[in-house]
Amino acid sequence: MKKIVSFGELLIRLSSPGYQRLQQAKQLNIDFGGAEANVAVSLAQFGDQVSYVTRIPDNDMTVSALRHLNSYGVSTQDVLFGGERMGLYFYENGSNGRASKVVYDRQFSSTATLRRGMINWEKVFEGSDWFHWSGITPAVSEGATDALLEGLEFAQSKGLTISMDFNFRGNLWKWGKTAGEVMPELMQFNHVMSGTHPDVDVLAGDIDDYLFKVEGDKIMTQYPNCKIVVFTSRGVVSASHNTWSGALYDGEKVYRSQKYDITHIVDRVGGGDSFMAALIYGLRNLKNHQETIDFAVAASAIKHTIEGDQNVCSKEEVYHFMKTNGTGKIVR
Amino acid sequence: MKKIVSFGELLIRLSSPGYQRLQQAKQLNIDFGGAEANVAVSLAQFGDQVSYVTRIPDNDMTVSALRHLNSYGVSTQDVLFGGERMGLYFYENGSNGRASKVVYDRQFSSTATLRRGMINWEKVFEGSDWFHWSGITPAVSEGATDALLEGLEFAQSKGLTISMDFNFRGNLWKWGKTAGEVMPELMQFNHVMSGTHPDVDVLAGDIDDYLFKVEGDKIMTQYPNCKIVVFTSRGVVSASHNTWSGALYDGEKVYRSQKYDITHIVDRVGGGDSFMAALIYGLRNLKNHQETIDFAVAASAIKHTIEGDQNVCSKEEVYHFMKTNGTGKIVR
Amino acid sequence: MKKIVSFGELLIRLSSPGYQRLQQAKQLNIDFGGAEANVAVSLAQFGDQVSYVTRIPDNDMTVSALRHLNSYGVSTQDVLFGGERMGLYFYENGSNGRASKVVYDRQFSSTATLRRGMINWEKVFEGSDWFHWSGITPAVSEGATDALLEGLEFAQSKGLTISMDFNFRGNLWKWGKTAGEVMPELMQFNHVMSGTHPDVDVLAGDIDDYLFKVEGDKIMTQYPNCKIVVFTSRGVVSASHNTWSGALYDGEKVYRSQKYDITHIVDRVGGGDSFMAALIYGLRNLKNHQETIDFAVAASAIKHTIEGDQNVCSKEEVYHFMKTNGTGKIVR
Amino acid sequence: MKKIVSFGELLIRLSSPGYQRLQQAKQLNIDFGGAEANVAVSLAQFGDQVSYVTRIPDNDMTVSALRHLNSYGVSTQDVLFGGERMGLYFYENGSNGRASKVVYDRQFSSTATLRRGMINWEKVFEGSDWFHWSGITPAVSEGATDALLEGLEFAQSKGLTISMDFNFRGNLWKWGKTAGEVMPELMQFNHVMSGTHPDVDVLAGDIDDYLFKVEGDKIMTQYPNCKIVVFTSRGVVSASHNTWSGALYDGEKVYRSQKYDITHIVDRVGGGDSFMAALIYGLRNLKNHQETIDFAVAASAIKHTIEGDQNVCSKEEVYHFMKTNGTGKIVR
Amino acid sequence: MKKIVSFGELLIRLSSPGYQRLQQAKQLNIDFGGAEANVAVSLAQFGDQVSYVTRIPDNDMTVSALRHLNSYGVSTQDVLFGGERMGLYFYENGSNGRASKVVYDRQFSSTATLRRGMINWEKVFEGSDWFHWSGITPAVSEGATDALLEGLEFAQSKGLTISMDFNFRGNLWKWGKTAGEVMPELMQFNHVMSGTHPDVDVLAGDIDDYLFKVEGDKIMTQYPNCKIVVFTSRGVVSASHNTWSGALYDGEKVYRSQKYDITHIVDRVGGGDSFMAALIYGLRNLKNHQETIDFAVAASAIKHTIEGDQNVCSKEEVYHFMKTNGTGKIVR
Amino acid sequence: MKKIVSFGELLIRLSSPGYQRLQQAKQLNIDFGGAEANVAVSLAQFGDQVSYVTRIPDNDMTVSALRHLNSYGVSTQDVLFGGERMGLYFYENGSNGRASKVVYDRQFSSTATLRRGMINWEKVFEGSDWFHWSGITPAVSEGATDALLEGLEFAQSKGLTISMDFNFRGNLWKWGKTAGEVMPELMQFNHVMSGTHPDVDVLAGDIDDYLFKVEGDKIMTQYPNCKIVVFTSRGVVSASHNTWSGALYDGEKVYRSQKYDITHIVDRVGGGDSFMAALIYGLRNLKNHQETIDFAVAASAIKHTIEGDQNVCSKEEVYHFMKTNGTGKIVR
């Protein structure tokens, strides 16, 4: 099977241990992530061939970041070196009514200073049939948006399938335009879309299939390339306890997953990314849309039990989880 | 606004990591606490000016303890140096049906060897309008009781508001008199009292407002200076899961907070102290008694998610918690 | 009272910290365990005199293992040195729907290469009145089975009480015979048996006392030496949340324990071993079968809150747990 | 005594534990530093009153940074909030022939975006008689240079003593001008200068007093306000073993310290800053220049044995070090 | 061979990790020690039968302390429970010219409140032929001195060999009498004495055998029971680098060990105790005084490379060290 | 350039932190190594294309091992899955006269149960021009020797350059034949040989070039394919302090490196492997034999400062080390 290209900003994640507040921490755990890198890492573990594209400076920390991706089998041969810094974020794990907290320090990153023409998209897409991006990249800067648009145009011209995770982060959009002004042009390229409407997350959990279909049809009308619309629904009982389910609409029918009760969250960062990866895996490898949404939600339910940005988990483990209905009986 | 003076014994807290038993531990986490120091630290984070008064020897560990307090903005300029040792306690975190455990080693401390005349209360109370103490100090020794009484007399003569947390610890009272013999004289000075009756904790949760008012009136009759009586109610489902609420009686009306379900306790030590601090903050800064009890209970609910003796938490975070009703949705 | 002899394979346990996956771990916690060693350690903490018998090579890691046992007061004077290696296992803690995982590396161990005649059973049983073994030893190798049989014959000839925990692990039986072919001969020696039927775990929780008695009678008919049959019942809500109870049948009556809800599991490995130890303690020291099953289930409920293979817990702590009905109110 | 004002950029320091390479690290130790903050922290420990001035954004990490400074008694009341980010650096400890390594990520910091007029120097210098700065600030940006110049002018007009550590870092000067173009104007304000000439470090160690005096006179001629010129001399045997000494010239005489052999370096970052702090302390508090240079070199020799950016060390400890001639006999 | 009884105060040791200062530490390593416990642990590892006698309260930390001793095979069956607290000390590791530092918190310990008549010396000395004590016990309190004297009288009456390590700690003697007033009476019982004169440590390294013999004869004249006088000589190049040697005088001849250069000290606490243990081992098991002093100095040289209070080291490892002349070639 | 194939046994390395003894450790650091894997990892970091071949079972720990290799860019596509277990070793770091210690647990590994015919050497060597092996593989088992011989024959037939590191470990040769019986046949294939004679290590350091040439000629006469003979010379001052140098003989001339004084060893395991890797790199990429031996010795001197089995170090860092003559001046 041909390779998947995932493009976005790579971040250093620095998190306080256990439930320490950042203000208390004397040591931070290092991880490397970012929405699109997380998708790449998860897909590579499922056995797909994946190339991750980003722009970073060349120093000991970026060497470490690339090694992290390589260790999971993600190809980084098309990563571009340049710019001044790699974005990072500080993270503390919430508990009960105390929310998890992200302190971003990602401005002026090498991805933010990307410009059209910097990435050799022709080389990047060699041997590829799928391109994944997310709504975080256009939020970062105008240059990143231009570079992305260039990639989307090229991907479309080569006939690649294009998937997107909306990933709306209001406080990242600071470069002059709003998501509403920028996203529609980019979204025209999409064949698969996740989380396109902030309110739909909630809707997906509660409204009936009919209303959900209406919302999906609206999206497909606005973006005629789009053939698959998916939503995840997170019910926040507390920072320690969420419910988690998803639904997929293919223009004809709504497919819904089981709703998992995640009562002892270990780390919910990257939950959506792990869903996106498993969805792409399913669309490429599984036999129907029901299996796909089931696999995607199960995989991302597992992510909530894994420390770090990424879903350290094989496809066999996802199947085992599904088979045991998420009861977690000891394996020995 | 004028400064608050908090007086009591400062302790080294040595706790086993995670859920290790003390018997298993090869490393201990260091923290510094004590009921009145915890109140001081929380008030300083809310923006009040606070001076903490205690007596400790002068060595590397007490330097560290003072730095800890200073880091949160608590003034330690009136801390007295002298005596032989700083009290300490060992702590292990319980889980489910295994209770958390405290092993005290606080006898013969520099606070226990305090005597009337040692503390320059005149200097201590300069620029102050509030004095806070707890029932732990008179439990420690006769000398500590005398020093406290001296402080209370001076505070009263200067017109300070006096608040107290009863903090009954039966096994600390070893110096010859019982709490019942000693406390009433000291409590005459109080304007604000918390947890004055061991049974009321339970009552507060379950009895109706009328009976609660009866109990409050009884206290105010016995201690005519007292204008505010508060109770917290902890429902112990297990060491990992408590419920938490509070009520305030001002001689006229009972104000009750929401009842929070704390399903994944991180560290419940200092829960009452964080309540006391937020109560004092509310009485001084918030516009009415309902807001005050709501703020106090929310703040102390947060404390249950924070490692260590103290509520590492700003007032903005308390408001955010209240606004989101303690659901803990991620902040990014 | 005379000493108890426990015989089996000693293992190094290497576990990833917190909820890290083994694939993520850069450090592993070391512990030492094995079903029969766990029983020995727990019994020694309850105050019984215990000797643990196994075969291990002589190196720095086995020195460490023996020190671990000695620290809890278990005698290792009859441990045999020889063979090539000490078995070990890697362990990761599950959470929610992600199961805990054991990766065994115990083949070719010094216990697996045991043979009849190696152990001086006469010396081992001096001053002893009880012999404990488990179904893990015959799974390990033919030689280990022979050595065990030799011990059982000797124990019987000396009039010792013999107890067994079935501990069925399907994937350990690799040496040519099945449990079904090997176990019956060995089980003839037993006076006390736990967990003899894989289905009964489930049954014990749900069937009524009558059906349970029928099952117990069947066992006692097949193994006429057997006077006590016990079962534990684990309800797996998730890897983080189990229910736990047990029942004891003495040929006349079924005695049932309370059912504990363990909502925040710390470490469930060794749960059955801690039950077995407390059962033996009860049968030897407590005044009736109801107290015995209550004590055994309470002790093993506590184990689920303790890190490591063993139940670091005194009998006073078990009683406290029972008295507070497993609510875990703080002890200070 | 009046307070000292130290002005510069505050940094997060993220260092790999022990001798791990950054590329290997999975956890980083957090510290907070920067040349001028390090000077402030050390002076506060010696008992001087110190205010540190910088510009940082307001988030959980900067709260932590300020708490760090406050814990040592440094006043941060005049710290300015604003801008986008706090600079940081990654650090790995070298050993033998493998050099320690700093990876800077301090561009676009809130200090770099400082501009003339932002800092209320009048308020900053209230009650102050000394202003300390270093050559790192003008390297950061043109705006930072302007803000510094404004401060220097104001300090001069108020009659403060001005001290500077040249701290030349070639690779920081990226904003358009060179150190050679910018520094002379700023250095005109100095009364005390350290490390003004890159070659003099070496010279100070090896040349005789006469040649050293010649070099000092040259500096004092060029900068007529300057009354004290100091140099430190580091002999690099390896990353683990340095020699360390210093010399002070007051226009009349050269005063030299003992030369310490630091054979087991723990952390040499901040060595120069700890020297500068002790020098300022000496010039303000000690009775002559010989004592001053002896104190400064001893204090900074101790710094090489302390983890982190700052010299966690009291003046009594410096005196003890000097009295025992740096032999390090155990204190008990 | 008969058992050795070692008597003294048991301490909790809380040390900062690596080279952190106590003032910086957020975690402390736990160890258990004390001069006489360290001797016991080392002797047990060499294969001798050892009983350690002390007085401690009964809590989770003392359970842990006893387990520590038991893990090394030291018998604690005659440890007395009672009193209020277990002494402890905080420790930071020095480096280069920064000395290691001990902060004691051992006042009012259960050993300090010992009194004559508390210890059942008859039972303690059953099956014993050797009694070891040190000069720390009489420094602790008058009661401890009385209890010790009682033990010495009993030991003498039973014909035991008595050894003592002088272990002078000036700042421990606070109960009213000086070492000079108390020690001579106690030392009359000794057959083996180490470090009796503070100046002799130094002398032993530098003076010739004749002068050393003169000093030894003086001691033996004053204490006619004494047959063996030993000294160790520590040359303090820095906190990281010491030289180490020893000498033994038996009334006839001076036997000297090799002088080891310990260039990278890991932990020097307990160096003298490990020497004392190996000396006792040698006097009981080795064939002559030369072998004994060689073994004792080699064993204690190894201690300087071991973390914690005790010499975790077998006699085979001491022999290997001696055979390779302390060059430390890798063993694989 | 074509790829290098390195073949050998992959091991889990479990080491105690810092200078803890294995007997004291409660946590172990995990690393993955083995002589030939270490060579592969170092070569990949220098930029060469490397494939590592071994045989391991398929479980979570081997997944982790392969990820480790992949993170450094080593291809593991020809790793064979099968057998029962992955070898491992426990390691403690020595200090001063206490030697580092390796406890092997590598018997019955999947490499030991290799047999001729299992590895598809044709596929393995596709696109390769170099084959590296070491004397550890034939020590492991007869089957491993057969598989290696098969590989050597195939490599020779394809015209690959063959390099070997003798790596004599006496206590590994347990399968029936000695190194003397087995190695000569295998060594006939070699073009490059390191460390062929246990005594020569020593000789290389001390004898003059003439005698060294004599020894080299002897080797080349016995093994006529051999064109390059290299030796490293380790001078063991202590476990903390070694000297390190090397020499290369090409049949004509002896080339010697500088002799480095490594005074503060961090981790000497893998020192020889890092030398071997850098030698292969030099022979393939550098312009002459002097540069090659200089590069190889410098690279392996750096290894002594790196934690773990492998030389985490780029070629630029080796050049920087050589340029600064191993003085380790800070890089910032």
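Going in written order, the chains are labelled A, B, C, D, E and F, and every chain counts its residues from 1.
Here is the rule we go by: a residue touches a chain if its C-beta (ideal position, glycine included) is under 8 Å from a C-beta of that chain, and two chains touch if they have at least 3 such contacts.
For reference, the UniProt names are A, B, C, D, E, F = Sugar kinase.
This is a predicted model, so every value here is computed, not measured.
Shared contact partners of chain A (Sugar kinase) and chain E (Sugar kinase), listed by label: B, C, D, F.
Minimum number of contact steps separating chain B (Sugar kinase) from chain E (Sugar kinase): 1. Chain centres here are C-alpha means, and the one lying farthest from chain A (Sugar kinase) is E.
Chain geometry summary: the mean Cα position of chain A (Sugar kinase) and that of chain B (Sugar kinase) are 45 Å apart. If you average the Cα atoms of chain A (Sugar kinase) and of chain F (Sugar kinase), the two centres end up 41 Å apart. Chain centres here are Cα averages; for chain B (Sugar kinase) and chain F (Sugar kinase) they lie 62 Å apart.
Residue positions of chain F (Sugar kinase) touching 2 or more other chains: 18, 21, 23, 26, 67, 101, 264. Contacts between chains, counted with the stated touch criterion, involve the pairs A-B, A-C, A-D, A-F, B-C, B-D, B-E, C-E, C-F, D-E, D-F, E-F.
Note for the complex: chain B (Sugar kinase) touches chain A (Sugar kinase) at residues 18, 260, 262-266, 301-302, 304-308, 312, 317, 320-321, 324-332. Considering their complex, residues 14, 17, 21-30, 59-61, 63-64, 67, 84-86, 88, 90, 92, 101, 103, 105, 107-108 of chain E (Sugar kinase) touch chain B (Sugar kinase).
Within the complex formed with chain F (Sugar kinase), the chain D (Sugar kinase) residues making contact are 18-21, 23-24, 94-102, 104, 169, 171, 236-241, 264, 268-269.
On the chain E (Sugar kinase) side of its complex with chain C (Sugar kinase), the touching residues are 67-68, 70-73.
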